[in-house]
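Each structure below is given as structure tokens.
Look for chain A in each of the two complexes below; its partner is chain B in the first and chain C in the second.
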Partner chain A sequence: MVTGRYVAGRVAQYALVLLLALILNFIIPRVAPGDPLEGIVGESGALLPVEEQRAIITRLGLDQPLTVQFGRYARGLIQGDLGYSYNKGQPVREVIGDRLPFTLLLLGPAAVLSAVLGVMLGMRAAWRRGSATDIGLLGLVLGLDALPPFFLGTMLLVGFAVRLDLFPVVSSIPVGIGLLSLEGLGELVHRLALPFATLTLSGLGPYFLLTRSSMLGTLGEDHVLMARAKGCPAKQVVYRHGLRPALLPVATLFGLSMGFILGGSVVVETVFSYPGLGRLTYDAVLARDFPMLQGVFLVFTIAVIGANLLADLTHPLLDPRVRSAR
Partner chain B sequence: MTPLVGSPPIIEDSELAATSARRGTAQAVFRLIRGSRPGLAGLFILTLFGLAAIAAPVLAPYDPKDQVAAPFSSPGGDHLLGTNDIGQDILSELIFGARISLGVALLVATLATILAGIVGLIAGYFHGWVASGVMRFVDVVLVLPFLPLMLVVATVFGPGVRTQILVIGLLLWARPARVVRAATLAVRTAGHIEAAVWMGATAPYILRRHVLPRITPVIIAEFVRAANIAILIEAALAFLGLGDPVAKSWGTMLHYAQARAAFLTGAWLYWVLPAGLCITAVVLGFALLGFALEQGSDPRLRKRGWLGTA
Partner chain C sequence: MALLELRDLHVSYSTPDAEVGAVVGVDLDVDTGEVVGVVGESGSGKTTLILAALRLVPLPGRIVKGSISLGGGDLRGLSPARMRTLRGKDIAYVPQAAMNSMNPVMTVGAQITESLDLHTDLNGRQTTARVAEVLEMVELEGKIARRYPHQLSGGMRQRAIIAMALAPNPQLVLADEPTSGLDVLVRVQLLRLLRRLVDELGLALLMVSHDLPLVARWCDRAVVMYAGRIVEEGPAPELLTNPLHPYAWALARSLPRLHGEDDLERIPGEVPDLSRVPVGCPFNPRCIHAFDLCRERAPQLISVGGHNVACHLHAG
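Up next is the complex of A and B:
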């Protein structure tokens, strides 16, 4: 099947991305200035007694040739070994496993909502091009886009948590929160609201701008003129003839912008002290905890690949040419 | 800027690409910006901050590295924006911060644009497996999550301005490279270039003489966009504590404000807000400029009126 071949091509490319990420993770600490042990074990590694350093070097095989080291590294990864965080005193995989659900909980809905909002607003702006709505939205989005996410987050925090006292200043999630009860869910939403709003607002700009310009393109095409001439209702023209073909680049953007949204989550989780991967990254940066940073980078890479695959799968749905093309 | 011989050309914006091949591209781009209100606004904002950065030693009341008052002083007569956690004047920090923030952004954008220009020109002009291999690599780099990778590299190589420039510049070139390649592909089939090939002109000559001038507006637009992204990424890296503690950018200032929980006290008003607004204003300036260039160079988006070229 043609769609199958299309998807296979994309998967091959993402395998290359993953390979590049692995190679970078392997090479970066080994070409870093200073003690190689420091790069692999973290800054605390250099503080250990000499015998213990030797023991770690032998155990990790750091005295072996690079090719042998890479083989060990790859074998470990396949078995799910992401290294050990001496800073946390725990395997990296365990720490990431604990934090990942929180980030997914915050990021997934925010990514989807910012895409939906951006597309809806962009569509409206394109349809009413040059109107007060269009210019107002354009100005608003350009302004929103210029706000660094951590600054937007801090301002929302100051306004709604510190001044108005509507939301908690620290968005940590209590361990015993009962998610099955209505009360527990309400509490969760209450605590997530501000970081969620920050991520959604700072993510929708690119969707708005791309949908707007992409739709301005399709609305100028002959098939739209034809649809209007034969008397299609305006709504149908906008959605079926204007928006659908305009969504192709938007779907690609969803995959590509996932990296930026993940980057945003690092700073936003830091501002709100939210116990996800982003805050973990910040702590790891402060502690120079390299194994942890590399583990997070790998997980983020896999997340971006997942989002890109999802975007690729929507392409045949949106564009019949992809379905029939060889 | 190329000197203009004779009377200035009357440029229709629709002829931007064609005209720029013969006359000064810089003039053509400037006309495009001058014809659009968002573009003018962007240019105005950036000029303002650029001048502040250049004149920092004259404008700033104190040396931002000196401890000039008690820490955490509220704004008062001698210190318009108060002092930070170690008693440095925040207003002076802010003015000198423009040098670091703008400097990093421009250097990074230059580095990324040069890389992108070389890769894009070569991949767009030549056919064959080298070109397609390069583009495959570009696509792979595009998918990598930038900020987490930058955090790994910047942490391993140690914080500082030099690391930042290198790390951001080496990752930012991929997207502009795609755009430059697409523009080169479009120009490649033009009649006069085919003619030059048949007359035996060498590839470097054609690229320099015929292709580069035609795609310069695209490269300038990509430079503006790269600077826009670079300043945001620099701010994010600095906010996370990877800035230079001695040469503080606006992001580094915000890092210390966050670390001292300035948002919990009244200090956010003079410690967080001004630095954040400065970043926002500069990013907005680049975005407006980029918007004007994009609107002017994409014929599908061109339309006379408030946002177009009047």
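Up next is the complex of A and C:
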């Protein structure tokens, strides 16, 4: 049984990880090269009178010792205040709140589809091991996996948007798009198609490879021979006796790959000019916008830790052996 | 006519270098109510024989020649779909105890239910009742149905597998070393159980083992295999006490005894590489009685004093 105690233990463990991540979150932008002043007033920042430079620094609290800055950051977090973007001139929470839905709209389905597609293809390849299908898929997926997302995205953009003119080059969503109407939805799908395809294709590789090898393992196990000797039809052998036990590591991979897909989103959203968190991150990095970066990283951190927690909590549901080991 | 009849069965594994004959010209009958034990060393083709009867010989192996019939019906000519409906329903398989032959993520009850769903028309309630019934038949508690395989001991797991095999009421059970890897007491309990089930349910059991005394004690008839061929066949207890073939004789002599001399007699040499079986009698390089004929011509099975034996010593 998945006991309350098990869940509580896991959640506590992940809460600790989150805390450590928050500290890192605070430190990383500050040790990274570059000066926030440059981001705020541009390259000419150095030309400002020293007093004015100092005034800006003081206003933003950047002259305080790091401990004090961290204290302020932590206090703000607890109150739900993520700070004020140097660059956008808006509270970080508001900016993130505006962008988050777009990213969820793009990443959620892409994460799920790459997992489902990867698992299904991996299963097919394992079942037909050594066949043309297996070798073809293996080559194709390894090739896709070797392409960096920005390159894949650019190629799709050049091919389908520029040459064939099937999709828009810029995937930004118009403000007045009526999502409740059929045309509005169609327009949305049309605009999302390329970045969605890029993220899905570039996320699929690990699922394919893991499912394939995990399933080759289970298909060679004794209980699969037993299932066939029992008279199970091929489909039942593959799904129930082959795939089902092979899915355990895949659940873990889902948690792990959340980080990759978020990292991919930074690049892909930038390539497609999509107004999500990834693009925001890219802009914030260029502008040395510390509070913005911290805010975005916070969301990413929560997403990655959340996905891993979810994978951890589903594990005992998938594997009775994990359940009783507690 | 026997329930299971194998006639001139040949099973080979194709490797890039050679065609390896794992089962060569085997004739074997198993009748209802009968327990037949097949004895041989590793690599003698015992397991392949069982898998061939289920038509589940793994690639690159295949049945090359011969016939398999069950209750008079030919199995080799059946379509794969028809063969599948026979597996589990008419011919049950009991794998080695040492193997992990239960799905680790399904409860015992779910796995027995799966067999019943495949092969019977029972409704939900009847299925649950049948699961409880077969568990009781193998002397397991009903609550085992809710357990997962890893929560059971080796002996309990093997009982659960027997329950699963017997649930759809098969006529024939093929058991591949059903008790290897279990400790002696559990082994005896399981064999007693199998014997009782065969007698009570009127099953036919073909059991493969490398343990000659076990076969002699629990089976009606014993078959000794060597290099994929049957070398001797006869009433089980007699085969241990009065073997005719030099190999069977050597096997019986190589057993540890509680009393008597400490040194075990070994069979010199080793099991031949199945891709390079010696010309003539396959046992001739290891046989202390071998003479010229043994190195020239393979002996045929002939009937000698209630046994069938393939040895030139006993011919004419």
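The criterion applied here is as follows: the second predicted complex is superposed on the first by the 274 of 326 C-alpha atoms of A that agree within 3 Å, B and C clash if a C-alpha of one lies under 4 Å from a C-alpha of the other, contacts with A are read in each partner's own complex, and residues count from 1 in each chain.
Criterion: a residue touches a chain if its C-beta (ideal position, glycine included) is under 8 Å from a C-beta of that chain, and two chains touch if they have at least 3 such contacts.
Worth saying up front: this structure is predicted, and the values here are computed from it rather than measured.
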Superposed partners chain B and chain C on chain A - clash or fit: fit
After the two structures are overlaid on chain A, angle v-u-w for chain B, chain A, chain C in degrees (C-alpha centres, nearest 10): 70
When both partners are placed on the shared chain, which of chain B and chain C touches more of chain A: B
Which superposed partner A:Pro245 touches (first chain B, second chain C, both, neither): second
Partner chain(s) touched by A:Lys235 [first = chain B, second = chain C, both, neither]: neither
Chain B versus chain C as contact partner of A:Leu225, first or second or both or neither: second
Lowest inter-chain C-alpha distance for chain C and chain B in the superposed arrangement, angstrom: 11
Sites on chain B touched by chain A in the complex: 38, 136, 139-149, 151-153, 155-158, 232-233, 235-236, 239-242, 251, 254, 258, 263-264, 268, 272-273, 276, 279-281, 283-284, 287-288, 291, 294, 298, 300-301, 303, 305-307
Sites on chain A touched by chain B in the complex: 13-14, 16-17, 20-21, 24-25, 28-29, 32-33, 39, 129-130, 135, 138, 142-143, 145-151, 154-155, 157-158, 162, 169, 213, 216-217, 220, 255-256, 258-260, 262-263, 266-267, 270-271, 281-282, 284-286, 288, 290, 293-294, 296-297, 300-301, 303-305, 308
Chain A-touching residues of chain C, taken from the complex the two chains share: 54, 56, 84-89, 92-93, 95-96, 99-107, 114-115, 118-119, 148, 150-151, 161, 164
Residues of chain A touching chain C in the complex: 221-223, 225-233, 236, 240-241, 244-245, 318-321, 324
